[in-house]
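Letters A, B and C mark the chains as written, and numbering starts fresh at 1 in each.
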Amino acid sequence: MSIAAKRALFAIAFVASLGVSNSTHAQEKTVKIYGFGAKSGVVGIFGQQSEAAMQAAAAIINKSGGVTLGDGSKARLVIDYLDDRCTAEEGINALRRIASQNDAFVAIGPTCSNVAEPVFGILQKKTGDASDSGIQFPLYTDVAAKGGLASISQWAFRNVPSEANMYKAIFEWIKATKPELKTFWGGVEKDFAHSNATFGVIKAQAGSNGLQVLGQSEWLLNDTNFSTQVREMRRANADVVAISAHPFTTCGVLKEMARQNVRPKLLVGLTSSSSMETLQGCAAQAEGLIIPTSFAPVTDQAKQAAVAVQAINPKYNMDLHNAAAFENVFTLKELIEKNKIMARPDSIQADRVKMRDALAAMKETQGLLGKVGRTDDREAIKPYLFVQAKSGNWVVAHTPKQ
Amino acid sequence: MDFYLGLAQVIGIHSLLGLSAWCVLHTGQVSLAQGGFFAIGAYLAGMLTSMFQWPLGYALATGAVSACAVAIAIGFPALRIKGLMLVVATTAFAEIIRLFFFNFKWRVAGPEGLVGPDGSLGFGGIRYFPANGWSSFELNALIWSLVAMVMVLLAWLDRSRVGTMWRAIGEDELAAQCAGINLTAAKVSAFGIGGAIAGLAGGIFAHYATHIEHGNFGILLATFAIAYPILGGLASLWGTIIAVIFVQGFLLEGLRFLGEWRSLLFGVLIIVVMIIRPSGLLKASLGMRGRLNKAAREPEYRRDQAKSGTTDEVHHA
Amino acid sequence: MDLLDLIDLIQALTDGVLFGTTYALIGIGFTLIFGVMHKINLSYAAASIGAAYLSLVLVNLVPAPIVYLGAALAGGVLGWLIYLICFRFIPLENPLATLMSTVGMLLAIEELISHLTLGMPQNYPALFANSNLEFGSFFLRGDLLFIFFLGCAAMFALTMLLKRTKLGLATRAVAQQATAAQLCGMSVSATNGATFVIAGLLGGIAGSMAGAAIGVLSPLMAMPLTVKGLVVTVIGGLGSIPGAIIAGLMVGGAENLFQFLRGVSERDIYVMLLLFVFLTLKPGGLFAAPGGRD
């Protein structure tokens, strides 16, 4: 092929690919809820499971007739999930792409906290501020959990657990039920936004609940050697050890602790690590690890939801992250119906504003473990309980009073 | 429409990054440090506008100049090392910069609480563009006028003596030295100019994303930076732009419909492009620019192979 | 610094040096390929981890040593595949093209691993995991000692291969002067392919050893091993195998030492500064290859 012909072919392919959209041209009426998050890469499981949960919720809704739109007609709920690969640039691109669709009026996501912060940053900060050229599109986050992000913009809403509350509760419980534990040592994964920020909370709560903070060990997300850190831990010989890290380094540290015979009386973990990943990597060493979480299959709805996700694809489970996505779809369905959202191309701008105002006006939502409260800065007050790793499974250790 | 404008902004920022790498690659130095200069420009420009309310122009210029200064400082020791060692040394340098910002904390009181880099938690609140009501169109105009400015500058340099010096050193250092070319001046100037362009790109990126953290400036970014000129072909500036459009527009955004397979295909397609067009997508330059770049030839790295004389056989591994 | 701190210091150093065997093996792989082809294979560490992942299929079927052997063999196969895909068809005159193609391969391997394992860390068997030689409060980790000796055995085998076999002779000949080797009747492409296979075998061992030392495998391991491997190669001297060995152990020890002294946030800064010190004082590396090529 000549160079010119090759170039022409390439140009055509490129333009064609840019124009390919994901919308379906179905005969029946559809209403779309978009989602975006990390579907590939090391943390790809979060986005994949969120999408599965959203599709499970949509399937249940569609089975019972679909969503009633503003003009009384029934529409089938469709989920469209974009991959942002946990990078800020692609997250921004994904949001821009969603916002430019004429059938998009709300999106669930992102999954990574380091994407959420820039994505919320490009939204309009205060509604009605005409001098602010930020994007005007409501987001209802399911997974990105770094503290305080929703306050960045009035278009950002989150349904993530408040780690400040959960760790306060767990350390109060430890103080009440195990008063013989006196000292605390922390371990933190320093270069991941979520684990680093949460560790501050963990340390503070441990200290204000009577534990003497002896110190902390630090490591990085892709470290391969934890012997120095665990040796410090061993020297300190604290009663309670808290590890604020994700499954890979949590397992690395736990295995090193087993090697060096470091056996604290109590192990506390990071909320995100209360998933199958940790048990897949190091079930034996994680035995007894207690983690506060906002999901466990303890209520009927929770169990049904877990089954529904597995029906979408057996390799996916339900955990605290995609449970929020599941809840969000149902919440949004209610809001669409209550606020008579039309979901038509000519009403789409108004729909976005309606949706944002509706999300802001919510006082509480229905969660899988009970009612979820809302705060003034657009965060959630989720019911939580404590789970413990026992023989390769997460079992409920305690359900505190909320 | 807003999406395409947004994509154009990303392509513009990456084009600047690619052009900065083109500069340095042209003299035969493979430098993975462009990510580090990008980071310096990003943090500095971001800090100046969000913490000290500087106007954007001055902030971007300061970012670019500082990155240039650091690049020149790096350029001198880099003279002593070549090839793979330079690759590793520049990687190490970029990592040092990233780790510096990983530890860097400086927060001042802003209108709504503390603002400033917060170490490993990142640096948010760089909301100059949305807060001042810049539309997507205006932002694009800014970015692409900067790209055009840089391209004109580089094309002019390429036509002039400087460009000839750079290309000569890129092809054969020893011969260039024998011809009386000042190796130090050429290499350091290439490094410096490349650093300035990368710093400029970084400054714009910080304002585009409104939140930056150390993770944005890792080895992957540096690899992308040199990938653009290599994929596009070192012979012409337009090659770099085409490569950026190819990677950002086609591979990353255009292939979204492939879902999970997009990421897998990304690496595979890069390999395919390199096998099919080892000298880059654009071997010769496009149209009018071709006359400007007429003297530019593909650098041929025939270091160990004895010239094969009359036959033009190509050696395979 | 009291006695306990001193013991901790020595402990950190020892653990680091023993773990540094993995860096040494990766460094040898990089330097071998560079010495023979004067090209960098940036996907080498990723392929090593990939080989360890491939050996996971054997995990519950055979004892651990066979798993490691499986990883080595998988590494050899992967090495040959990488040669075929990334190097064979790209003309030698475009070193930048092979640089890019190996970058593409690195991204593809990482992504493939994440895709197939859903990004979840995979348990990896370790030998002598719980046996330590204890001397009071100082102890030598059994599994690290095993890694160290296995690494030494691999390096010894490699040296024997290079010095005593025809293949090794061909490798050294092509490394010195490819055209002359061709004139002597050696097939350059076959030798290059064989070099990749040998490097791949070493890489497979390195990957499985890294997995065994940490206890879990994750795609996150590929990047840091690549960077440290490159640092080791450069400090040791491009094309020099003894250099890579010593540099590997040194970097492993230095890394842990810096972490002990200055904490994890600054550790890598000092490792990179160490590299710069070497580049300034001894640009050719510890053992510059004869002919002093770049």
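Details
Simple rule for what comes next: a contact is a pair of C-beta atoms (placed from the backbone, for glycine too) under 8 Å apart; a residue touches a chain by one contact, two chains touch by 3 or more.
Note that the structure is predicted; figures quoted are calculated from it, not measured.
Taken chain by chain, the contacts link every pair, so each chain touches all the others. No other pair of chains has as many C-beta pairs in contact as B-C. Chain centres here are Cα means. That of subunit B falls 30 Å from that of subunit C.
Computed centre separation for the pair subunit A/subunit B is 34 angstrom, with centres defined by C-alpha atoms. Separating the CA-averaged centres of subunit A and subunit C is a span of 36 Å.
Multi-chain contact residues of subunit A (touching two or more other chains): 40-41, 44, 48, 190. Chain contacts: subunit C has residues 111, 115, 223, 265 touching two or more partner chains. Of all residues in subunit B, those touching 2 or more other chains are 102, 120, 260, 263-264, listed in ascending order. Subunit A meets subunit C in the complex at residues 40-45, 48, 190, 218-225, 227-229, 231-232, 235, 247-248, 251-252, 255-256, 258-260, 276-277, 280-282, 315.
The residues of subunit B lying in touch with subunit C in their complex are 25, 30, 77, 80-85, 87-89, 91-93, 95-96, 99-100, 102-103, 120, 219, 223, 227, 230-231, 234, 260, 263-264, 266-271, 274-275, 278-279, 300-306, 314-317.
Of all residues in subunit A, only 13-14, 17-18, 20, 22, 39-41, 44, 48, 82-83, 85, 87-90, 92-93, 96-97, 99-100, 114, 117-118, 121-122, 124-125, 130-135, 152, 190-191, 193, 196-197 touch subunit B in the complex they form.
Every residue of subunit C that touches subunit B in the complex is listed here, in rising order: 34, 37-40, 83, 85-101, 103-112, 115, 177-179, 188-189, 192, 223, 227, 230-231, 233-234, 238, 265-266, 268-269, 272-273, 275-276, 279-280, 283, 294. Taken together, the subunit B residues at the contact with subunit A in this complex read 1-4, 6-7, 10, 102, 120-122, 124-127, 129-136, 208-216, 245-246, 249-250, 252-257, 259-260, 262-264.
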